[in-house]
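Across the two complexes that follow, chain A remains constant while its partner is chain B and subsequently chain C.
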Partner chain A sequence: MTDPTIIRSLDDPDIWVETPATIYDAVPPYPPRTEREAEFYDLRDGEMLLNLGPQHPSTHGVLRVVLKIDGEKVVDLDPVLGYLHRGVEKICENGDWHHAISNCDPLEYVASMFSEAMPVMVAEKLLDLPVPRRAEYIRVLCWELNRISSHALYMGWQALDLGGLTPILYSFIERDEIVEMLAAITGQRLLFNYLRIGGVNGDLNHDFLSRLGDWMSRAGAQLEASTRLLNENEIFVRRMSGLGVVDRETALRTCLSGPVLRATGVPYDVRRAHPYSVYPELDFDIPTRTEGDSYARYLLHIDEVRESIRIIDQALHEMPDGPIMAKIPRLIRIPPARAWVAIESPRGQYGCYGMSDGSDQPFRLRIHDPSFFNLQAMTDMLPGNLIADSMAIMASLDPIMGGIDK
Partner chain B sequence: MEAVGDRFSGPLRQRQDTTEIRIRPQHVAEVMRTVNEDDAFRFEILADLCGVDTGTEMQVVYHLWSALTPDWLRVIVEGLSRDDPRVPSVTFLWNGAEWAEREAYDMFGIIFEGNRDLRRIYMPPDYTSFPLRKDFLLPDDAARSPGEGFRHVEQPHQPGESLRRPVLRQGTSEQQ
Partner chain C sequence: MSVLSRPWNRLTVGGKILLPLLALVVLLTVLLMVGWLTGLIPALIGLGATVITDNIDILRFVAAVTAILLFTVPTAFVIIFMEMKFIAFINLRVGPNRTGPWGTLSSVFHGFKVLAKEDFTPTGADTPVFTLAPVVTYLAAVLGLLVIPFAPGLVGLDMNIGLLYFFAVSGLSVVGLMMGGWSSYNKYSLIGGLRAAAQAISYELPLLLAPVGVVMLAGTLSLNQIVINQAGWFWDWYVFQQPLAFLVFFIAATAEGNRTPFDLTEADSEIVAGFATEYSGMRFGFFFFAEYVNVFILSALTVILFLGGWNAPIDPAPILQFLNVTINPALDPGSLGMGLLFVLGLGVPLLILLLALPVWMLKSDWSFPKSLVVAFILFNVIGAGLAGVWLFLSFEVVVGLVWFTIKTFTLAFVFVWMRGTLPRVRIDQLMGWAWKWLVEIALLNIFLTAGAILLLQELAR
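And now, the complex of A and B:
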C-alpha cells in the first residue's frame, strides 16, 4: 500500500536499502532538526540503532525509544513521543469546565481518579469553592484505593518485565477487587468520571462498603503474601539492586517526583509538602529510601501501599455525615483568575494550571504529568546498561503513556 | 524577594497559597538562579513549566516549590511577542525542563534559547502550526493536514490508484 523508500541500513549507515516506509524506521526520513539529533543519529564504529516500540509490550503502551547500542550495551537513546497525543489541553479549551473532567480521565488510565481530579480541583480553587467534608473524605478514600490498585499493577509489571509471569497474576487479584469496588460507586472500572466540581457524583453505597470491609479485613495479609514472592527472591533482588541509580541532586535537577524522587532520599510528597484536601487531618508517614536504584523504588511502592491502607482505615472511621456536593449552578462561569494545584498521584506530583477568562470554558488548562518528567530521567539512567536491563529500569519508572502523550 | 525585586515588571501578588511575580524575558536566567540557589529562597523543585497564549502576547509560566515556605512561587515571564517569542532556557538549572520546553515549543512556537534539543515532541516533524495558540482553529487544521481530514480506507479502489480523494467540504455537493 505504501510506497517503498530508500533508507540507510540499520546495520551499516553506508548501505542504502529499499524498504516500505513505516513508523518503525529507526532513522528518521528527514534531516536532523537539532545538533543533539544530528549527534544521536551519527553512528560511530560498532554502534547500531535498535528501535523499541511503539508496540513493544515492555514499553507500557506506545512509548517508542530508539536505542543506540554497542554490542549489548546501551550507549544513548532517543525517546520518541506523541503516538497517543490527543491534544487534551486543546480539547479542554473547546469544551466547558465539566467536559474537562471526562477528557482528563484517560490521562492516567490506571489511576484515573487522580487525573480527573485536576480540572475539578483547579476550578474549585479558581472559584474559592469550599467542598463538603464528606465529599473530601470520599475523595481521599477513592484516591488511596486507586493508588493501591495502581501500585499493585506496578509490582506485577516490574516482575513481568524481568521475565517473571507469576506476580502479575497475583497483582491482578488485588487490583481487580479494588477496581470492582470503585465500580460499585462510580459505575466504571477504569475511567471513573466520578469527581465533580464541588464534590463527588454519588454517595457511598452498601455494595461498596461491604466489598471494602471484606477487602480491608485481609488486605494486610494479602499484601505480605504477594510481596513475599519477590522481596526475598534472590534473582529478583540481584537483577534490581544497583540498577538505574539516580542520586538526590540529579533527581531534583531532573524534576523527578513520586517514588522515583523519594527513593533518592528526598521526602517530597505533595500530601505533606503542600497539603490539600483533608490529608493534614490524617496520620500517615512518607516512606523514603536512600539507595535510589530500581530495587529501592520497588520497596518504596510496597511501603506506600501500607500507608495507603492506614489512610483508608482512618478515612472510613472518621467519615463525617453530610452533603456530598456543594451548591453550585449547572453552568459555571469563573471570573478571570489563575490557579495552580498539585496532588500526589501514584507516579508523583500531578499538577494543573488553570486560567479562566470569565466564560464557561477554561482559557488554558495545563496538565503537568509526573510520568512525563520521570520518563525523561531514562536518558540519564539507561546508558551503560544492558538492553534487557533497560526494560527493568523503564518499568521501575512506571510510565503511563496516556499522561505522557496527553 | 528584595534581591530580585527590581527585576519585576509587575506587582508581586498573593492569592490563596501562591505568590506570583512577573518578569521580562531578559531577567529569566538571573531571577531563576537567585530563587533556586539563594539560601533565603531555596526553590529546589521546578513543579511546572508551561507556555500560555493570552491572545495578545505569549507568556511562560514557572511554578516552584521550596521547603522554606508553604507557598508556591509562580514566575510569569510576560511580554513575549506573538510573532517571535524568545525566552532563555532554564535547562542550565533544571535539565528536566528540557522536555517541558520542547512541549511549549511544540504547542506555542516559543523558542527557548539554550535548550540543546528544541524540536517538536508530540506533533509530527512535518507539522507546521502550533496547536495551542489562540489563532489555531480546529477546522483549519483538518483542512491543512496531510490526510486532509479524510480517509477513504474502506472504499474499493483500482490497483495503483491513489487512496487520497478530493476533499469534501461542507457546502459542496460533488457526491451528495
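And now, the complex of A and C:
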C-alpha cells in the first residue's frame, strides 16, 4: 500500500516540477472507505494492481477495472464506474415527455432504437394510448434491424478482443448497410430519435424499402460468410469455450438477462415472457444454449440474428396499411400514475419505471439497463482467469457504457 | 542565401542539417584542390591502394555489415507496405492509396513520420536502458542477416557455423524487448517484456531443435553449404525429407518473430502495446523495423533450410540438353568497339523516333514532342526489361536472387495472411503448445532422421 501522504494536491506547484511516480498507481487517493476496499487495495506478496481503463483499447468505452494480478492471473478486481455519467434520468425530469426520447437515445448508443423506446412506451402505458398497428409493425422492423446491427458489432468486437483483426470489418459492412437503411427513414445513423409517443416519426419510404429488400436477399448468406472465419477456428473455439462460465442459478440470482442468461439455458425473452407490441402475432423461436460460457454466448448471438431475419421477413409481409401516429395533443399532460415497461434489447431486458405527477414533464424515469446487471457477473467470472481472458469475458458480456453509467 | 543570413538558433531543422553539409562540401572541395595541386592526394591514393589490398578481408566485412544495415530499411518498407495492402485486401478495405502509385510510398512516409515525432522518455523510466533497448532489438535482427546467403556468392559472411551464429544473435532480440519492458516504468510494458522473455525461451527450443535434422542431412552448419546441398529439382529440397521439422520450425519462427497468432508481447487488446507502450518517435520506429526485419529473416531462414534457398524449383540443364539448345547470352560490351558508340549515338534516337511515330499516329490529338516523351519512357521500359532478361540469363547471382526473393516474400505473405485471419492464442496455450507438442515433435524428428540415415548407410554397405 502506498503512503497516502505522497499524493499531493494538483494545486501544489511542486507537483508539476517533480511528479511522484506513485501518482500513476491504481491506488485511490484517499484512505479506504469500506472493508472491501481496504481488503482489495492491500497487496499480498507477489501481487500487483493493474489499472485497466478508462482509456484502454478493449474496455468498450470508459469502463475502468482495477485488476489485482498475480503474474498473469487475475486475483481480484474492482470495477470503477461513472466515467460516462451524464445524469440522463435527471435531465429527463427537466424536459417534457418528448424531450425524454432524445435524452434516452444515447443510453444504449449502438442500439438506440431500444433505449429511446423507453419513455415512449412508458408514456403510452400511462396514457393507455393505443398505437396504430402499422406504427407497431414499423417499430418491430426497426427494433429487429437494430438488433442485428448491434449483434453484428458484438461479433466483431469479440474477435477483436481476441486479437482477430478482420471480423470487425466484416461486421461493419453488415452494420453499415443496416445503419444506412435506418438513416433513410430516420435521418440519423446512430441516435435515431425516431419513435414518438403514439407512433413513429415518418412512414417507410422507397429508399428504405429498396435497401431492405436488397439486403434481405443476401442477409443469410452474408451472415454465414462473415461468421465462417471464426466459428470453427481452432484457436477461437479453444479460447472461448469454457471461459467465463455462469450457471443457471447464479445468472437468475444476479438478475442477468439477454443472451448471457439464455446461454445458461433459461429461455427468458421479454418478447415471449411479457409480450409487447405485435410480437405475439409473429412466429419466431427463442434460441438457448446450456453451456453458459463465452462461446455459447457468441453462438447464441448468431442464432438470434437468424431469428431477427425471420421476424423482419414476417413484419414486412404482414405490414398493414394505415396511420403511423395516434391522435394525441402536442403537449402531453399525463395524469398522476406509475408504470413499468420492459422490452428485449440486444443485451437483455431493457426496462423503465416511469412516474408522472400530472404535469407535462416526467416526475421520474428510472431506466433499468441490462448491461449494468450483466456486467456484475464479471466480478464472479474474472478471478482465476488470465489477463487476456478477462478481455474476452468482458467482450462476451457485451456491455455498453452509455447505459451503465447513464 | 537565407540560411546564411540567420543566427544558428533561428534556423529550421532543415537549415541546421543543410548548413553543415554546405560547409562540408566547400571544405572538401578546397582540400581536394589544394591536395591535388601539392601532389599529396596522388601519393595517398597509391598508399591507400596497398592498404586496401593488404586488408581486403576486413574491408569486405565492414562493407558487408554496412550493406546489410542499409538493406534492412527497404526490406522493412516493402514488408510493411505488403502487410498494409494485403491485410486491407483481406479486410475488404482499400488500404494505402495516396502516396505514390497504389500507395507504395506510404511506408517510406511512415519512416519519415516516426523520424519527425517527439522523442519522449516517461517520468520514472530508467533512461539509459530505455534508450538502449530499441537499438539492441534492432541490431540483433540486423546481425542475423549477415550469414543469410541471398544468391550464389552473395552472402555477408560465409561462416562454417552460420546457423549457430544466427540463433545466437537473433536470440539477443528478446534482451532488448525485456530491457524496454522493464525500463519503461509501466505495468503493461513490464507484462509485455516478461511475456516476451517467456515466449522466446520456450520457442527457442523447437526453433533450434527443428533444423537439427536438416543439419544431420547436410552435414554442415554453414547456411551457404546447406543451400548448395539442395540444388536440383524441387523434390531435392529438405522440406520433403523433413516435413515435421518444417512445420515445427515455421510455427516456432512465427512465435519467435512475435507475429499473430503468437503476438502476445504487443497484444493491443490486452496489454495496450506491450513493451512498446511508452515508446515514441524513432525509438518505436526501431522496434517496428526490427519486427519486420525479423519477419524477413525468419522467412529467409525457412527458405534456406527447407525450401532450397536460391535454387530454382526446376533444373533447366537436363531439359536444355534434351532439347539440344544452348543459351549463352553473355555479351561482352568491349568486343563491340566502335560499333557500341554507333549504336548508342544513332540507334537510340532512331529507335525512340520509331516508337514515337505509331504513338503519334494513334493518339491524333497529341503533339509530336509529347509522343516523343512517351516513346522515350517506352524505350526505357523496354530497355530495362531487356536488360533484366539479359542479366537473368547471364548471371546466376541474378537468377538466385530472383528465386530467393520470390520464395522469401511468399513466406512473408503467409505471415501477413495469418495476421489477417487468426485470433491470438492465450499465454498458457502458447506455452503448452511449445512444451507439450513442438519440442517433442522436434526431438522425435531428430531420432527419426538419425535412424533413417543409419538405415540408409546400412543398406548402402
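FYI, the second predicted complex is superposed on the first by the 382 of 406 C-alpha atoms of A that agree within 3 Å, B and C clash if a C-alpha of one lies under 4 Å from a C-alpha of the other, contacts with A are read in each partner's own complex, and residues count from 1 in each chain.
FYI, a residue touches a chain if its C-beta (ideal position, glycine included) is under 8 Å from a C-beta of that chain, and two chains touch if they have at least 3 such contacts.
Being a predicted model, the structure only gives us computed values, none of them experimental.
Asker: Just checking: does A:R338 make contact with chain B only, chain C only, both, or neither of them? Give me first, second, both or neither.
Answerer: In the superposition, A:R338 contacts chain B only.
Asker: With the two structures laid over each other on chain A, which partner does A:I173 touch: chain B (first), chain C (second), both, or neither?
Answerer: Second partner only.
Asker: For A:L397, select first, second, both or neither according to whether it touches chain B, chain C, the two together, or no partner.
Answerer: neither
Asker: Just chain B (first), just chain C (second), both, or neither: which does A:L63 touch?
Answerer: neither
Asker: Looking at chain A, does chain C or chain B touch more of its residues?
Answerer: B
Asker: In the overlaid three-chain picture, which partner chain does A:A117 touch, first (chain B) or second (chain C), both, or neither?
Answerer: A:A117: touches no partner chain.
Asker: If you stack the two complexes on chain A, which partner ends up touching A:F372: first (chain B), second (chain C), both, or neither?
Answerer: first
Asker: So in the superposed three-chain picture, is A:A100 touching just chain B, just chain C, both, or none of them (first/second/both/neither)?
Answerer: After superposition on chain A, A:A100 lies in contact with neither partner.
Asker: Using the superposition on chain A described above, determine whether A:M155 touches chain B (first), chain C (second), both, or neither.
Answerer: After superposing on A, A:M155 lies clear of both chain B and chain C.
Asker: Mind working out whether A:G87 is in touch with chain B, chain C, both or neither, as first, second, both or neither?
Answerer: first
Asker: Would you mind writing out the residues of chain C in touch with chain A in their complex?
Answerer: Result: residues 87, 90-93, 123-124, 185, 187-188, 191, 195, 260-261, 263-264, 267-272, 419-429 of chain C touch chain A.
Asker: Note which residues of chain A are touching chain C in the complex, please.
Answerer: For this pair, the touching residues of chain A are 19, 21, 24, 48, 50-51, 56-58, 72, 159-166, 169-170, 173, 229-230, 233, 235-236, 238-239, 386-389, 391.
Asker: Mind listing the chain B positions that touch chain A in their complex?
Answerer: Of all residues in chain B, those touching chain A are 15-18, 20, 44-48, 50, 52-53, 61, 63, 65, 67, 70, 72, 74, 93-100, 107, 116-126, 131-132, 136, 138, 163.
Asker: Please give the residue numbers of chain A that touch chain B in the complex, ascending.
Answerer: Contacts found on chain A: 1, 28, 30, 33-37, 81-82, 85, 87, 89-90, 93-94, 125, 128, 252-257, 268, 273-274, 337-340, 342, 349, 351, 353, 355, 364, 366, 368, 372-373, 376-377, 405-406.
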